[in-house]
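Across the two complexes that follow, chain A remains constant while its partner is chain B and subsequently chain C.
Right after this comes the complex of A and B.
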């Protein structure tokens, strides 16, 4: 119940924090651009205030401290019109970034102590505030039980006739509205003496959870009388009393620290555990090995089935193996699930980037998100960040028009860029969409011809989509100005290469005048996939099932029906389509091909081909092992198109994984060469 | 001698619940009020040792009733019964003399403990 409640509140807190941060970020941008504006400052203040309140009550003291200081500065700004300067806007920007970071830590249940040190930011605030007020720096006493030497001196003077006592509370019994219990205790103590200080500083204002707090009181009463009074509301084990001497010796702050640590530990164990990602990767690796062995067991079980019908031990083994198969698959899915991360975790980094780019380009951009909760394998997510940055830059730099131009075409002067994510079957789609000028196919055609990327004849055969895709060819750029942001002709081809490395695809659609949408389509997971095992010239190859449509057996009887020759090139007629035929042995220069065997009909994005192989072995789950250390430019084997990695078969041998997209691409190039 | 309790709540379920809990712990329920007005009348007539006072009620809410009762009897021991999130009301109640508060939904031990603490003060 408590856990559910806490999670519920946390969720709500995070949601609200997002909105508040967004408004604050907008406000500071507005202030930077248009100078001081009372309304904007008020709004900003309000958001900082609400965030402070909710963070305080949730016990997120770093956020509360920082927003508290922001509030102070904003208040100063309100009271001293004309005092806004770049230092302040900078500081506010830094604070918002830090708040975002802290907010993320809250989401990830990272304990308070592991938050980045915000002391230096707080000090900068205090510098600013205190310069304005009394020319002196104030010590930050918000978080720690620590008194300035002046305060200690004052207290010692008072201590002569009075008792200076620090009451530290840890609410064990009370679980709901702890802050109200603090309020009650504080209210009761008020009549007993002078409340010198409270920790947290704004104890009366805190609402919600407040598992620990303390009150420093200077009273004429005896310690035991005070204890009795507090006992009217709380149990004796819920608070401790420290003398001034204890405070000086640091006993009180040690105790406070201990409570805090206990609390965050308790909190942590209740909600989640944090695991080093390396351990998860290691687990994934082991699961991968298990999947290999599982495949091997399945293969062995086929033989047992055929050979040992009478042997009861063998039969028992046969019954066990499917269970192992099931468990291994479940285990694989569970580990994958641990590795899943919401795409929102990288989306969050974009608003600032967009702000910077729009500043540089002089364009007014509104950034929108959807589907932040969509989850993706952590490794893929990391790899996708840079391509997304590039796409965003393109969208703003090339896509969105200058405000004046937008107004001319009847659009709002502020352009919108949207980052959307969703799941589509076994893929995750991340879309960068803008409402800018769109891509002009004519411009692309002209540029592609200029650069010699295509011939006129080829252009004529190309559909709209293929033409748009030309912008992803190396050496293509339509930007009229080459600038620091994007352009220079590198970019989209790099994006495509990076995404294809992840076994993903890039899809472009655009309407001239109405904007562009670029979709990155990614597999849910990388490490383990279903594949069809095929054999050619004694070697086994794995083809990811996702790229296969059909297999056709070819023999003397149907050979002539299926395989035809057009313009000296072999093609396959498949479902009324004419698709190119690739003989695997010829493609890999392994020698002459054969007349009988199997055609693997496969392709991506509707571009099909048929691959001729000797034999089809069967479907199998394969664990992808990278050949990155061997394949590629300047590597041992150089660049070998058509191979995306390797896998270990059930019998322990290595099989290469075919890269359908790569084969299609290199085949296309080869084809062009022949035609030229 | 068992302590005399006045239970004030507009929800009959909540009154029954409190009554069951308190009676099983040896408290004597000397009256049940369904709104602020009734609470004041019952307090005047019965002079209970302690009152459990719901905040949100029709006619006159718990806050106003509490104020009136404390006006009559500055020593009155009133425990506010609140739903989650009614911080503002609780703060007001505390400032105006409520002795303690209970958050709904409550555990039996919590309510008994709170009553005992308030009675001991």
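Right after this comes the complex of A and C.
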């Protein structure tokens, strides 16, 4: 090609590149602002593709390489809708900036060799392209330990007195929480030297399965010291250490290859597929509909039973319905199971957070986990992350004392915060526990009085637990007051509101001087529960069975035995406990109550009550429909104590779901319901 | 010149209109079993099952604090969609769908109607009729906001 021609082509190339870059930039901004859009991605792809083509033919290899990777990632986006995230748009922005830079260099005739190093950008692309379809990053199985000769040279220079060590991990024992283990190991190693490289590249961000990975570290420490450190987290047989020499001789790559093969052999035995969560949600919705119809069928079958003993068709139907009932329940459980996720999947995001907060606050914190494999409905799990962050922050910021103060009170200077999870009947409990200063009830009382949240008289009647719960009252504490009181009230009302939205509750226990435990108690599932249907003044209400201990029929004969009056308030003596009686019709302002009916004994341990209803209709599965759009402060209905949602009955009408905790709470606030 | 279609209905003797784009469907009151919601504001008649969704029914007359005599036969529920939520409004009678020039709709003068001007987005003068065009968003706003605006806002929002 003649020189003149080349200049002409270069000019043309630059012109085109300007246009293409402009379109690409617009596209990525559009994607960032308005989310994924096939048309925009297509346009973007076309531009990247033609830039790649022209750059390639002109011999601008850096531009060609970069656009090639952009093409790949865009193609990936096209094939996996919904996988666009901020990291990708960031990377695309960076790429476009780099392309602009490269384009300038072309214009200034700067030789290719002097272009900025784009290797790191290309690597980031490589990571994205190996991302699984659901946006979750998975270790790139194909990736070998590879160091370029340049990197090896740099390492040797760095080495000098330091040790360059490659730690290769194969997690044999740890089947769960692999990426979390990787994170922990990496975190520990960070303090011991410089992490030169990890495989996969962004080790900290990988979620889920990570059967093998490696860390290249440059450290002053001896090999055996590092081994000891890692052994705190993993068994010795789960990792191997290679020296720089080993790496040069290719021993490390061989080893990696070997474990990779081992793994793929092992992996063949269990098949799994990845499914879009939306599909599972849709399935869940359909199962919900099926459950409603199933309840309708059961209702119809009751009528048939009574009316048509002779009809053989009817009898056949009666035999089929219980099977449908069984299948629907099984189906429901299976779908629920798909939606279950280990809580560890969010726990693993906390070590980093805790590290940051402890740095900020100058406190030495040891974070412990237990029950990471406890499973919870995915939707609930997502919603519970923010409240947990809040609780952890509070625990470190306000719970754990400064190291010097801890030593004075005879505690180890390092504070411990534990995240525990376990299942308790139909609930999942997640606990944030610290060994800090605890909450001083006297201070809470003073503050609550100051803020006018309670009266002296009300305080008199409150037990320890209710007093602690005051910190969750809106307005109890504001950010200005963080430091005077142990400050636990900051945002605690938000935590409680968020948890109650999930049908859960927050329990606080604390011992002054010895730490605090805050438990989030959550239902296993939000979607379908067993409930007892009751009737009052012509309306049906559903009460989740998990909240009920017993039902007692009350009639003229046993009335006086069961229901007593203490201090002008009706109570029920149940299993040697005196518990308050709440008449549903009075609580809901539906009119006068009745002498006969049923007592529903419910609540949680220590906070029980009896609710008087007209009739008990029976147990059934209910599909919970949220009233969240209308129920609550500043919403159409306002706050209605005692109602948590709604469900659809077999006959297609709506029944409200009673919230036992809510009734009790509202009742406790000075018996408002009865006096009104 | 743009045109607008209004679903018009009667409430306590006055004629009202809602932009048809907000209207999802119209149901007969008799067809539905309404479940009473205890301790809800008085204007909430209850909730119904609309094809698997639980939606509230608002008694529009009560919402506007109007006296009204219901003739159940004529009473209809207009299901409107506001911010992705469905809500049913009971009205005395549904009249028709009116197509008018949007220019015909004027800003509401104060005290034009028996109802609080907070709920009104405009007045349509059409032939000899006066149709009060409602602001659905404000009708469905929560209790507290309503209290504030009753005292603070007089006139068009």
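One rule holds for everything that comes next: the second predicted complex is superposed on the first by the 347 of 676 C-alpha atoms of A that agree within 3 Å, B and C clash if a C-alpha of one lies under 4 Å from a C-alpha of the other, contacts with A are read in each partner's own complex, and residues count from 1 in each chain.
Operating definition for what follows: a contact is a pair of C-beta atoms (placed from the backbone, for glycine too) under 8 Å apart; a residue touches a chain by one contact, two chains touch by 3 or more.
Note that the coordinates shown come from a computational prediction; the quantities given were computed from them, not determined experimentally.
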Quick one: is A:177 in contact with chain B, with chain C, with both, or with neither? Answer first, second, both or neither.
first
Applying the document's definition of touch, where does A:302 land relative to chain B and chain C: first, second, both, or neither?
neither
Between chain B and chain C, whom does A:589 touch in the aligned arrangement: first, second, both, or neither?
second
Partner contacting more residues of chain A (chain B vs chain C):
C
Report for A:627: first if it touches chain B alone, second if chain C alone, otherwise both or neither.
second
Check whether A:445 is in contact with chain B, with chain C, with both or with neither, and answer first, second, both or neither.
neither
Applying the document's definition of touch, where does A:232 land relative to chain B and chain C: first, second, both, or neither?
first
Between chain B (first) and chain C (second), which, if any, makes contact with A:638: first, second, both or neither?
second
Residue overlap on chain A between the chain B contact set and the chain C contact set?
none
Using the touch definition up top, name the residues of chain C that touch chain A in the complex.
33, 35-41, 44, 46-49, 52-54, 56, 58, 85, 87, 140-145
Using the touch rule from the top, collect the residues of chain A that touch chain B in their complex.
173, 176-177, 179-180, 183-184, 187, 207-208, 231-233
Would you tell me which residues of chain A are touching chain C in their complex?
289, 539, 588-590, 625, 627, 629-630, 634-638, 640-643, 646, 648, 651-656
Listed in rising order, the residues of chain B that touch chain A in the complex are 82, 84, 87, 90-91, 94-95, 99-101, 103, 110, 113, 117-118, 120-121
